[in-house]
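Below is one structure. I have some questions about it.
As written, the chains take the letters A, B, C and D, and residue 1 is the first residue of each chain.
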Amino acid sequence: MADSPLARAVRWDTVVGALLIVLLLFSFGFVDGFGNALNLSFLIGNTLPIALIALPMTLLVVAGEIDLSVASTAGLSGSVMGALWNQGMAIETIIPLCLLLGVVCGLVNGLLVTRLGLPSLAVTIGTLAAYRGIAQIVLGSDAVTDFPTQYQDFAAGRIGNTFIPQAFLPFLVLLAIAVVVLHATPFGRSAFAVGANEEAARFAGIRVKRQKLILFVATGFMASLTGIFWALHYASARYDNATGLELSVVAAVLLGGIDFDGGKGTLGGAIAGVFLLGALQNVMSLSNVSAQSQIVVTGVLLVVSVLGPRVARQISVARAGRRAASTPTS
Amino acid sequence: ATACGGTTKKDVKADSGSNATAGKADPNAATKKGLTVGFLPKQVNNPYFTSSDKGGEKALTELGSKYKEVGPSSATDTSGQVSYVNTLTQQQVDAMAVSAQDPGALCTALKQAMSNKIKVVTYDSDTKPECRNAFVSQASAEDLGRTEVQLLAEQIGYKGEIAILSAAQTATNQNTWIDFMKDELKDPKYKDVKLVKVAYGNDDAQQSFQQTQGLLQEHPNLKGIISPTTVGIKAAAQYLSGSKYKGKVKLTGLGTPNDMRKYVKNGTVDGFELWDPAKLGDLAARTAVALVSGQISGKEGETFKAGDMGTFTIGKDGVINLGKPTVFDAKNIDQFNF
Amino acid sequence: MTVTAPNPAPASEVPRSSGTRLVDRVFKMRELAILAVFLVMIVITQMGNSQFLSEQGIKDLLLNATILVLVATGQSLVVITRNVDLSVGSTLGISAFAAGTYLQGGGNPVVAVFLAVLLGIGWGLVNGLLVSLGQVPALVVTLGTLYIIRGIDSIWVGSRQITAADLPGSFVDFGSGGISAVPYLALIALAVLLVTAYYLKHFGSGRELYALGSNPEAARLAGIPVRKRILTAYVVCGGLAGLAGALYLARFGNVDSGTSTGYELTVVSAVVVGGVVFTGGSGSVYGAALGALLLTSINSVLPALGVSSVWVLAINGVLLILAIAVDRIVALRVASALKKRNARHG
Amino acid sequence: MTHRSDAGPAPVLALEDISKSFGAVRALRDVSLELFPGEVHALAGENGAGKSTLIKTLAGVHRPDAGRVLLDGEPTVFHGPADARDAGIAVIYQEPTLFPDLSIAENIFMGRQPRRALGRIDHKATHAATAGLMKRLGVELDPERPARGLSIADQQIVEIAKALSFDARVLIMDEPTAALTGSEVARLFGVVRTLREQGSAVLFISHRLEEIFQICRRVTTLRDGALISSEPLEGMTEDDLVRRMVGRDLDELYPKQDVEAGEVALSVRRLTREGVFTDVSFDVRRGEIVGLAGLVGAGRTEVARAVFGVDRWDAGEVEVDGRALTNGAPSTAMSAGLALVPEDRRAQGLVMDMSIERNIGLTGLRTTVRAGLMDRGAERSRSLDWAVKLQVKYARLADTVATLSGGNQQKVVLAKWLATGPKVLIVDEPTRGIDVGTKAEVHRLLSELAADGVAVLMISSDLPEILGMADRVLVMHEGRLTAEIPRSEATEESVMAAATGRAAA
């Protein structure tokens, strides 16, 4: 119905992308200290954890579920990494083990949701506490900071003197994989169907539970990868690493136009949302906007992000209606 | 780079632990004016840090330099704090005074700042020594830990069970103090005093509240609580004052006079202690200016003059101690307002 | 946000025969499972620590639950309509501070409470208008207002704080006082709970909240004033968050710009644990209140049992999952038992 | 347009030159209609002709782009369904719109519950009134059970009860009988006649033409959103009506070819799902169309669901081509060559917010793939093929199915499953809501499929359809197979006898 060209052009994910570009152009021109390589690399580096988790989270949300335990999973794998490191284990062994741990965390969420049929919101609020708690048990009050420099450099360093963090390239690869999986494979197509109408998806022979389980596991894996990245990037493994990150991810993904009712959204939108928020915060800090005002701006942006398309659609519908009414009846 | 093909803790050479020092100091160099010093507290809007940073602002105005404050709105938003370090670096301030949420996480960013010729002073909460030029400590950890035990022991007559209500389990300064408390308790004069538990209220009013309840239920014979955190002591005092334990269970620790005035007056709390946060900020500001002016470089043994607070000497690892904390009780509390 | 609500599939669980209806109905009460989990927990704790259910202990349990019960009650109204209000924590914080500032200036406690409620209603109105008029996802809007209200709060409050010393003694005493083991605050919460539950069950507009959460399109076709109802739900939710703010002030005697940050997750947990389904249309405020009681009690039980603080968080999480899992399994068992019995009865 | 100024009462409700567009689709153009008290008026037209749109305009759901609604001769504007309801118009929409979490009684009386003092709801009175309505319709539904899980037919009955409870002056029914079997329809018509005698005006839509002739006095026909005629039914034949609707003569409605049955393709042995159906055994052979008849709630749908694997069975086994199927796994059933066209298109058949193309493509996710990626070209042509074959009326393949008319949605569901090229095809109410023209088309298609060696199991509440198409008729009664009747012996009487449990099985 609201499918006029105008309405299609104002799809929110494209708008977010456009906003991001406008913001970047503006900042290059008018914000002191924004355009230099160091700042950009910090901007990207600090946004990467959110972006990394946003990848699987987008898929999960499209399939109609949510995982709020991601930040805790990240914290847990950081803690385990620190604890094992303190035990004298080799980092090359630790990292795969931690990733495996992330898979297990995701599996627990997934099994609770698919086998017992519990709401994922409730389950992952529970594991949000549980995983963080386990992290606290594992590492206690320690802060492990002496990870090998070559790894820390990889997580925090730049490619030569460019603005691109070394870790950005692997992220681009992961992004490409996620985009292909969501938008070009049967698996991704099924995710949309499952999110929009789970019963119809089941009737179409889609293995709904397996699909969801895989997505939860992928989310756990990526959350743990983020946890490892976090610990190396900030050279600090503590049990409370990445606390509250889930809300940032949710906010960014929502801003990118992903519908938490499931069945709608694009990865491009989600990632644009992530970097829009990241860039905006960077720009505002550089422009001496206080932290409090930044919160307000984030909030307003979220509200506008849903009201905006709605208003645009109404305008376009009204126009289409006027056009239709004015065409002479045959 | 090891025999078995993996990189382990042993392969990573322990860092020397010396603070970052640059160049030679000239104690007689002129105090530079027109500098910009950025304050980066753990959390903006936190009353403690606000009064501390206000102290810094006053000192800087006096010295003819500019003050600015940035910071995250949450005390656990480490990545937020890191980006603020970066922001200050981008803005080319002359020095920054940082209260670190995490000893390690800020390091990369702080080193980046120092390599951009920005002097870094930590205050209240330190980072690893090599990531800053100097640390302004609120009071020696040893003093704080020991005096709190002494205060409480006196109040309970050197007899009975006591507990500690701390902030987060990872709070570095809390943990150091608690270690000194435990050490102090080894003194034979405390042979009848028994530390039964350390609880963590995560600097959250409600959690600290419930932890206090739990302590009292689990240990009905509890005689006293030490809470070395302003949030914790306040919550514990509020709980005690509204419960049957009021006046029976003693409470001491670190608190601000304004927070605690009511509880001192209604008999819930006999006495507690704290340093003056404004002085802490003041000293941090003056240290920063002295560093930029080249009067000190952060080496052990250097001295500098900090306005009317007198002369300070830099200790081991670039630590500067503010001095002994003040003890507040019913007699003197009305003289303070912070 | 889509949450696969306790799966609608086995709906043939519902009996057709009416003979054993009373038994069925008791079995079907979802709140029962949560109550059972709660009681088991309390009994175990009491066995481990005889102080737990002392007069002071009971008083503490009830006081701890009070504020969450209030906010969860309001939240369930919104959730029943298939919406959510994430901004309750921020609303609570700003209302508490507003009441505190007023009292600090020598105000009347009753007026202060009124003020807090009014402020809460104001924010509820904002949320409700955005959600119902804009017809946009409540999750995004209220996440937005969560930030906006918190931001405004921080800008307004700055580093100020209200401490017990700034408040009239009567107000603070009221916050911790009560009739023997029953605190006044808990009585207020109970009254609110009973009124809300009665309203939801016995008034047309209450039932309409369920209807429009159950099937918004059908609600529109049935001529239910959808926007008005959603608006009402938000206003009540905001008002209760405001009331909770005033009670928070009385209870803790301490408010600053960070008060109740992150509270939304606790509230949502309470509501979900209490069996109020996020896809709307089902659940009761009693369930939500029980969920709140359960959650806050877990926080008291562990310290009372002397569990080291290090373990508290993990056990908390596990217990939370256990609670919803037990609830779910019991529900499934009862359903299939009922189904089999009815099948036999033909 | 026929303006009747002659005898008889004035119209209670009239539409004058109503137009309504959805974007580029012009659903109604200058349509006029008059409803008189004491008259049952039929509205006929192909799928997508605009019937439901017309009704929604009458009910205040849609605002017309042009034209007027006259109530008792006065121009009126309905701002929403509530306005229409207050004006005494009760509507049964094509798709049941119930509150799944609420009891049947609450569903019926939502917003108008009997009250006690202080405006409190009188729950007892509500339940009693509901029980009364159920009795009037002759069904046994517990007023206190929630609407969730009701079969489509039962949902429809609740909708009917709701409409009746209004004691409305105007009763509008959009395909109320599509999911009902003969006996329920008879009951409904009994009630409608009473209403008519009481002076209510009734507007009735159905694709079962015999029903129109049974109960209506006048008929208004729409084609492509335009008014074709509005005239008395007296003297008209079904063919006349079809010609008005379709614009051409109708093909044979049941073009059943005789096919030699091959080997067994689907074999169901002692299948039981506790409390739902018991001990169900039957075979379907290649080339055969087997009808599965029964009253509403007999358990036919449940058997189909279990066979396909969306529900688990408790005992028994299912084989396709001699291979046993896994319990509760639709995906293995699909790879074995089984397809199920479900009865509830909105809940089970379609993802309403997805495009037509992707809905049809959903069953081809394993075939329209190249190198692990979706082959969009292949998906598109597959969808296009079948949309054309089934004459789906749409604007663009990329439109969401929610914008299609009910019957066209049903065609998309058929397309989605036929596109899998099944060996065994189970269709549950395949022509529910499909117009006569297309119905013939669907029947021809089923018949051709059978001729090509597909085994077809057809569940239908439309008895003539079963009789017209099936080689064999299986009849279920209260969860058990009670009879197997060969085509030669299958008559309305013999099937109904078995379905009501009267037959000596």
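We adopt the following convention: a residue touches a chain if its C-beta (ideal position, glycine included) is under 8 Å from a C-beta of that chain, and two chains touch if they have at least 3 such contacts.
Listed by chain with UniProt protein names: A = Autoinducer 2 import system permease protein LsrD; C = Autoinducer 2 import system permease protein LsrC; D = Sugar ABC transporter ATP-binding protein.
Remember, it's a predicted structure, so these values are computed and weren't measured experimentally.
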item: Graph separation of subunit C and subunit D (steps between touching chains); value: 1
item: Which two chains share the largest set of C-beta contact pairs; value: A-C
item: Chain whose Cα centroid lies at the greatest distance from that of subunit C; value: D
item: Intercentroid distance (Cα basis), subunit C paired with subunit B, Å; value: 37
item: Where subunit A and subunit D are represented by their mean Cα positions, the distance between them in whole Å; value: 43
item: CA centroid of subunit A to CA centroid of subunit C, Å; value: 29
item: Per-residue multi-chain contacts in subunit B, two or more chains; value: 44-45, 73-74, 169
item: For subunit D, residues contacting two or more additional chains; value: none
item: Shared interface positions of subunit C, touching two or more other chains; value: 154, 310
item: Each pair of chains that touches, named by its two labels; value: A-B, A-C, A-D, B-C, C-D
item: Touching residues (chain side subunit D, partner subunit A) in the complex; value: 19, 21-24, 26, 29-30, 65-66, 308, 310, 329-331, 333-334, 340, 342, 347-354, 358, 361-363, 365-366, 369, 372-374, 399, 403, 416
item: Touch list for subunit C against partner subunit A, complex; value: 1-7, 130, 134-137, 139-141, 143-152, 154-155, 262, 265, 268-269, 272-273, 277-278, 310-318, 320-321, 324-325, 328-329, 332
item: Complex contacts: residues of subunit A adjacent to subunit C; value: 61, 64-66, 68, 112-113, 116-123, 125-134, 136-137, 140, 195, 198, 244, 247, 250-251, 254, 259-262, 290-303, 305-307, 310
item: Residues on subunit C engaged by subunit B in the complex (per definition of touch); value: 49, 51-52, 54, 56-57, 60, 64, 154, 157-161, 163-165, 172-173, 175-177, 252-254, 256-259, 261, 296, 299-300, 302-306, 309-310
item: Residues of subunit A that touch subunit B when the two form their complex; value: 32-34, 36, 38-39, 42-43, 46, 49, 85-86, 88-93, 136, 140-152, 156, 230, 233-236, 238-244, 281-282, 285-286, 288, 290-292, 294-295
